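Each of the next two complexes has chain A plus one other chain: chain B in the first, chain C in the second.
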Partner chain A sequence: MTVGLLAHGLGGRVDLPVPRGLFVFGAVTALIVSFVALAVLWPEPRLEKRRPRPIRAAWLRSVMSSAVLGWVVRAAGLVVFGVTTLAAFRPVGPTDTIAPVMVFIWFWVGLAILQAVFGNVWAALSPWDTLGRLLQLDPPAYRPPRTYPKALGRWPAAVLLFGFVWFELASPLPEEPRALGIAIVAYTAITVAGMAAFGRAAWLENGEAFGVYFGLLGRISPLVRDDEGLLAIRPVLSGLPHVEPRPGLLALIVVALGSTTFDGLSRTTWWLDATASLTQGATVAAATAGLLGTILAVAAVYSGAMVVAAGVVEASWHPLAVRFAHSLVPIVLAYVVAHYFSFLLIEGQIGLNRISDPLGLGWNLFGTAGWRVNLTIVSATTTWYVQVAAIVLGHIGGVVLAHDRAIALFDRSRAMRTQYALLAAMVLFTATGLLILSGG
Partner chain B sequence: MKPSARIAVLVASVAAIVVLFLLLQPGGGDEPGPSRSPSTPTETATATDTGGPSPTRSAAPSAAPTPDVVEIEIEVEDGRVDGRSEYAVPVGERVRIEVQADVADEVHVHGYDLMADVSPGRAAVIAFRADAAGVFEVELEDAGKLLFRLRVTP
Partner chain C sequence: MSVLAHGSGIDDLIVLVAAVGTFLLVSGLRRRRGADAGAPASDRCPYCDSPLEPDAVRCDGCGFLAPRNPARPG
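Right after this comes the complex of A and B.
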């Protein structure tokens, strides 16, 4: 028995394993890159101090600062959210409405990749942000009953993100009619309550799981909205060193990395065979344990590396671990691309079909209701190349960011020595990612 | 390290990576065509007639130059699946899946999204050309029971 929507309703198709040759290529390339990076990368921090440069084109300025346009986009976001929520309550199969495709493919995977390319578009679209604005939960006009406790940091977002990935990957709930609808309403209630308790902005940057997660991915992009709201450009990845090292940030990143790893693991024939004969309850238990175990394993590997690095510079490891956490974000993106690239392009087509009949009522709004999924839109070979390229590039991004942070914090020789352990951890993540991709 | 040495190291490592890729890419070296897969004929399941009402279809005789049809026969009894957990076919091959079951359900080939009803005494037969590569689950839909995985390889 299969568990989870990805394995069943929307899924049921898995990529072919990456051939051994490409696996070896990816792993060796990651190793070469790591050692070469130590030798040749810049001796002064370069990404840390970079400030985005605004694009001063007049038309772009008027587009970006148009309040009307801003609200049109927000209204569109709210409409899509409303339709999706409504559709998620329809007691029909997972591919009969737009809801599961919208949530698990277009939003969770598609938007994640979009963020990394175009910057934080979610900030302009987020229906929860819009709700907070409509309810006028903004200080100082609105006086929240309490101030957000600093020590809590991003922990609420990390916990809620775990809730989402558990729902998606381990629970039997996506199979249940209406469960997705109930989950969306519950999450919305939590978010509105959080905004009411602490103010809109405070909750969005600490407790709104998707906002925090997508916000991190958006920092990979060369595009950003600067303080004046103008569109600005910056070197790729240079947004990440500006992430504030807050409690819970590392936990959120580790949840993101571990959950994608587990999803890959749970699609290997090894896992499928091992869990094939379990009862549903046992399957859910196994998937929950697998998900938690993978997340903890990622945390252990990273923490272990940071303990070693901290020993080198005689610092305590935890603050150091938080200060390097942003260097894992490119690897998070790499895992998302590698695991979900073909899923987005193939199963994502179900959304093209369902957009004409979002509630599963037999409509044909845009004439695409008869669209049949084209399985051959990406070949197996293309998928393999994209997967290996993503993993290797993610590794390079991580190494570069870690190097930049290390030389910003320490003198050159200590900086070099702190990096060995972290490099080893990154090579391990990369090799594991490749191993899972080739182990189907 | 001097800038010149730095550039030399960079160029050398890029060259090493390129060479590595040329050596290790799939189909690198001597393989000519895209759709060669020598190991597959052994995967062809044999069609043994188990009696009972025969399904409505037999291997299509009319198609042009006698295409090979990979036949996969599965039997479900008391919730147990009689068959291998995975069958492999090369891309482009015609596949014919026949499922006998002692329960009424629906056989679903995921991805290709093909379905056929099955009931005691009435086999489900699904025949199609496996045009897309990937690993596809074939399930008893209502029971949520995995029958086997169809591995379509380029």
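Right after this comes the complex of A and C.
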């Protein structure tokens, strides 16, 4: 197994239970039926004003407010980060250490799903957040030399996220020994410099790509920490309407969506055939162009829908695009689940083996070093149904959020008409997603 | 030509794109004129609804460029 395989999650799809056209038809029908049902049964905004309800169990309250526990979790995150970084510098095979599995599977895929289920656990685990706290890069102990410019918004996070997905999907670097380690150190240096320049909280909120990205996915979860730091419960998806509109937010979401789509596209036999005879340099150029092109295509479809919607309400399209951007987040999660479900369950098992020997030194710390990957843990048919369910539910989630936002902003009749174009975009995303998934 | 493996081919996508394009066109043509009941007033940020200062270049609330307001000087 190569790093290339670790860095790309999609398995081939050769034996669909029924013709794929039927799945596409069924998925699109489910989307349109949901749209009509919302129009009839959801006349008032329900998610926009929902606030989390604290869970009042005393034991949970004491656990959640425990500073000691908080620092134990932070220390654990920092240790895992340190071991992963050390492992990423070892000049051995990609599956000989835990680093590639930790970064490309457990962190990038597993944590994304964990965030959507359990809320923003990354906020408690982030080694960069912990470093910022240990270095005391917060007022009043520390006075940042600069105030973070509001005009910059989430752009640093969007650019850095693009850097990560380019590293993973388009560059040859994951194949190079130590490249992952250098990338981790470089990203850490950028993050510490950002925190030193603008303060820990300001940089983590705007510039730390994974914090912003995972934070968005965490808003899907029914679990959240309230203003007092206590665990609270809310309806699924209801955290997303409270995402603050900021420059660069839409770009970050489109990068996340487009990169996962490109990962799927780059595994189709069409792409593999087209790039098979290219030199390494040309392959990187083609992959970079493909990645950028897919991101721009996603942006163009969404923007096109918003231009039409803006025409309906005689408004500018860009503010509208930003105000509906949160409706794309469930689709980001859907694509992560659909593209990487079997990858997480099968290739993710390598991590269980490597956890006993994270540096590839022949250790067997937890007795799992002899574990082998169970390739039959999930069947191809089960994977396909999970993929279809994820794509359909993700897009229905998007339609629900967009509908809720539309009726909060506009009168009902106009709200519905703004949503036709977005529904069309969702239909296109759904069908394209399924066609790509079935074409590997 | 098959755009994707294991399947009927590019016609799936062409039909889909044509259908979606027609849908977008029709919904665009149906736009109606009239004041927008939910649109933010020109003295509020269209991105976050924060009040805008008369001479603001950017919104203090969200950092987006403030729309040009004909009522504002300059």
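What we mean here is this: the second predicted complex is superposed on the first by the 404 of 440 C-alpha atoms of A that agree within 3 Å, B and C clash if a C-alpha of one lies under 4 Å from a C-alpha of the other, contacts with A are read in each partner's own complex, and residues count from 1 in each chain.
Everything that follows uses one rule, which is that contacts are C-beta pairs under 8 Å (C-beta built on N, C-alpha and C of every residue); 3 or more make two chains touch, one makes a residue touch a chain.
Note that the structure is predicted; figures quoted are calculated from it, not measured.
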Exercise. With the two complexes superposed on chain A, say which partner A:Phe164 touches: chain B (first), chain C (second), both, or neither.
Key: neither
Exercise. Answer with first, second, both or neither: which of chain B and chain C does A:Tyr302 touch in the superposed model?
Key: neither
Exercise. Once the structures are superposed on A, label A:Thr269 by its partner contacts, choosing first (chain B), second (chain C), both or neither.
Key: both
Quiz item: Now for A:Asp411: first (chain B), second (chain C), both, or neither, which partner does it touch?
Solution: second
Quiz item: Between chain B (first) and chain C (second), which does A:Gly21 come into contact with in this model arrangement: first, second, both, or neither?
Solution: both
Quiz item: Comparing chain C with chain B, which touches more residues belonging to chain A?
Solution: C
Quiz item: First (chain B), second (chain C), both or neither: which does A:Ile436 touch?
Solution: second
Practice problem: Could you tell me if A:Ala424 is touching chain B, chain C, both of them or neither one (first, second, both, neither)? | Solution: second
Exercise. Figure out whether A:Tyr335 sits in contact with chain B (first) or chain C (second), or with both, or with neither.
Key: neither
Quiz item: So which positions on chain A get touched by both chain B and chain C?
Solution: 13-14, 21, 24, 269, 440
Quiz prompt | chain A contact footprint on chain C (complex, rising order) | solution = 2-8, 12-13, 16-17, 20, 23-24, 27-28, 30-39, 46-48, 58, 60, 62-65, 67
Practice problem: Please name which positions on chain A make contact with chain B in the complex. | Solution: 1-2, 7-8, 11-16, 19, 21-22, 24-25, 28-29, 32-33, 36, 39-40, 175, 269, 272-273, 276, 280, 342, 346, 373, 375-376, 379-381, 384, 440
Exercise. Can you check the complex and tell me which residues of chain B touch chain A?
Key: 1, 6, 9-10, 13, 16-17, 20-21, 23-28, 34, 85-86, 108, 110-113, 131-137, 139, 144-146, 149, 151, 153-154
Quiz item: So in the complex, which bits of chain A are touching chain C?
Solution: 13-14, 20-21, 24, 149-153, 244-247, 268-270, 304-305, 308, 311-316, 319, 322-323, 408-411, 414-415, 417, 420-421, 424-425, 427-428, 431-432, 435-436, 438-440
